[in-house]
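Read through the structures below before going on.
In what follows, chain A forms one complex with chain B and a second complex with chain C.
This part shows the complex of A and B:
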């Protein structure tokens, strides 16, 4: 740590703050009632993840991570939000369809899940060379809350955003755990995400075309 | 042998590109050639005792890979035969567009599934399986009905969330490897397997649990199976057959790769317990749901969940013979389930409905496909002389010899329950008088022909599996830690 030239506490604190911002934007997405602001929050969250990647690249001198950072910036901060925003604009439905449980219950549940994630993962015997353990614990919380988001919100935009933010949580976790993962694999992950976004957007549009809504309430014919 | 792997990498992909532009007859011919040739290429790997590698190690096929590659390529070949009859020639631009999308998607889907067993390393395996999700979701939605769109949405969302968890498992396993091998190590299997005894046990345990949950979502393990019946019933029949026979087992292959590392790192007890819980839940739920289905393809989908449960339970028995049984079951299930789906496809075409209350007298209506469908259902219910009888026999024998007597008994009871559900509906739809309004005769020779292929494979696997295949299964079981 001392070899890095800066005070270790400042460095780890900066990483912790970035990871915390990722979790807070996840909460804001859960709470947000406008599709458009949800997408913007996702872009902000992705920005935090990209900055965290750049931060690790700079402090730990992992050159490959710069490439990853720029790819993830272009894709997750610009391309993906643009695709979804265009779709939302096209179908002229801005208010999301709502949620299955009350806002207060939803946020309380999210807090309980976050505490669970932070404490369970925080106790793991992980000694990362790139980041302290707290961002990993926060990433676990992000992943759990993203599941809650997909489960309780009933419109396809929220559900897709929930999946993309799950992927952001996994990205933070992989920055802690696997900062040295070969670049080609990281690029494959990102490429996959891009393909997944296209498929999600395509299906959203088809769903809207058939049902005239982005709500998932029309998606209840297949049971049993 | 490396050239074979490269050919498998190139062939279906090239076929997919050609089908994007080609008119329907060309697309059919190209797909059929590619399907049959891929199976032929996979067969050449069966008797090889060496591990085939190519592209400086990025492609690698050991015995375990070859078993799953066989299942995938067999289904690819059989499905293209079926698809030749399934897509009716049409003149309009809509039919031409559908055909282009369908065949391009089908070949790409098969390509991604063939890649999964032969790429080297857990990270690339994850990438291949993610590609199967996005391609197959589009194929599920291709019918563009309300049901198809709903099923595709549920499928892509649930499977992607599951794969997110699987990605986390992959990252944790990579971290476990880096504690022994250092920051940027080669991510190929042999390296990780070599380091396995020194990996930190807590991390490996966490990673395995996450992998079973994540890949289990795509494999259709209860309680994360919910996308499966919808996608299987709404997809075009050739896609349903590929989903059920190949995609689910490819996800099982991913779990086995994690099992391989975990078993060497912390011993077999933990991974077996995890698989047992998921396997039993799947078997119980599928056996119950099989009895209450109305939709023919949903019935077969629940039968898939049942068989995935059997695979998971089979892995939880510690006897080597059970692991051989599990691997044989992968092949036999692929043949039996695809044959059943092909038969269901002909029945649905004939009667114009998936509703089993309105399908009557299938044997009379379809003189060849009808009886063959019935045979496929019997094969799925583990009747001799078909392959599944042999594989389930080996699994139960393994269970009894390893002292899991109660569990083996439960397995037999649940499989029998599933058999009752499946055979009740099969006899209701097949062995009743044929309505006057239905014209007797086959829908398509190709569709019936694909069933013959499946049944022949089942009989061969059941009566006398070739010695090379038995050798392959034993080598694969040894790679999974079965010590005789």
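This part shows the complex of A and C:
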């Protein structure tokens, strides 16, 4: 068992499974109808990304990634979900405003998008020293599905979560392409995320204060 | 004991008998556990046997307009359920001669034939609920089919064949194969397919008497007597057959006999029943902790199974490079 546990194929398999979990939680966010469960799924997805970062740090001996792992754990698994959950609780809207198309259609569309992403990126002649190509392809799929999430869902929380999970996809991609990226660049990413949280929180509050709902469909209503 | 070897034909008959004899036991045990989990005492574990025995002594009532198809349906379905265990690894790790007769798709076709026979018999009755169940079962059967196909593709890509024995051998060969992401995805997708095909909770309340939520269960409403006994027994066998494929092909293909010796082959029976009860316990827990989906939301459940199966194929495609 011990010998098997450290063999290279098992290691890449574990990384692949983690990247797959990131993609699957993106799909779950796409279809979940409660804002709260969406936020929890985002926390879970961020947890997977953090574990993946720690995994790369441990197996490829890149010390800075431990820093990234702990930063992203604290921010994306604890702080950001807590802020969003508190906001959702404040406005007392549980069920999201719905979506433009049916759930099954949405999932099928997302499957088509991720096939596109996985095939296109999987064809790229990238040879990373930190991870196999599969997590990169899955990250592309995550990014495309999160775009779909932002486009088809009609409420501000979904759009915020879609944007945040987009950042998770980018994180996975950067782990494959540039695991040794200077920590300062990664920190800049996380800082961007914090700014986005502030902006989205503001947007949610202002929008809810004005329209009395979190649905973006109320945005085009004329006010006199 | 050690010296006696069984002929392959004998082992195959034994496989069939295992499914035939123990299917009601597994159903009963799962129903009992479910009762316990829901704070009831639950039916006796052997209750399905008593039910079947009782029904065999009852008279058969046939609706006025029904033809011979009504009575032939259950028999054909039962024969199908007796055929499938010949194709799949119930007790042995090595393929038995008749195992080459059909692959996973072949087994799937025979199971669909059984579903078709039961559906046709239900249509014969002219009863509203039986027909409703028949039509729903056909619709949802068609919707879950893509997932089954993609699971089969995964197996075919892993083993370059789609015989269930070879997939099981591949899983046994190394731990790496067992935690391979494609294999995990296909296994979970197949788990969802089994959940659907054994009429379990997110799709159907299998013990309910409420006709509006029924899919598979409604098809048998008009049957009585020995024909109904065959249907009940058949559905228990179908459940155990699907457990066999889930356990011995995807999830835990360990514990089957590696030789033709009497000892290992006979030991494989309790080992398999134990594993089946384990899977049944998981199903019972799911049954007690989730609510049934609304009928029009079942497609969402199927979309999830399809997503997992498609991802399995995609991951394999990239992993192979």
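Quick note on the criterion: the second predicted complex is superposed on the first by the 215 of 224 C-alpha atoms of A that agree within 3 Å, B and C clash if a C-alpha of one lies under 4 Å from a C-alpha of the other, contacts with A are read in each partner's own complex, and residues count from 1 in each chain.
The definition used in the following text is that a residue touches a chain if its C-beta (ideal position, glycine included) is under 8 Å from a C-beta of that chain, and two chains touch if they have at least 3 such contacts.
All of these numbers come straight from a predicted model, not from anything done at the bench.
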Contact-wise, after the overlay, does A:173 reach chain B, chain C, both or neither (first, second, both, neither)? first
Of chain B and chain C, the chain that contacts the larger number of chain A residues: B
Of the partners chain B and chain C, which touch A:192 in the superposed model: first, second, both, neither? first
Chain B versus chain C as contact partner of A:74, first or second or both or neither: neither
Just to be sure I read the superposition right, which of the two partners does A:159 touch: chain B = first, chain C = second, or both, or neither? first
With both complexes overlaid on chain A, does A:108 touch chain B (first), chain C (second), both or neither? second
Would you check which partner chain A:126 touches, where first means chain B only, second means chain C only, and both and neither mean what they say? first
Can you list the chain B residues touching chain A in their complex? 121, 123-124, 127, 130-131, 133-134, 137-138, 141, 144, 146-147, 149-154, 156-157, 160-161, 164-165, 167-168, 171-172, 174-175, 178-179, 183-185, 187, 200, 202-203, 206, 229-230, 233-234, 289, 292-294, 298
Hey, which residues of chain A end up touching chain C in the complex? 1, 4, 7, 9-10, 13-14, 16-17, 20, 23-24, 27, 31, 103-104, 107-108, 110-111, 114-115, 118-119, 122, 133-134, 137
Chain C to chain A touching residues, read off their complex: 174-176, 179-181, 184-185, 297, 299-300, 302-304, 306-308, 310-311, 314-315, 317-319, 321
Residue ranges of chain A touching chain B (in the complex, touch as defined): 124-129, 143, 147, 150, 156, 159-160, 162-163, 166-167, 170, 173-174, 177-182, 185, 188-189, 192, 195-196, 198-200, 202-203, 206-207, 210-211, 216, 218-222, 224
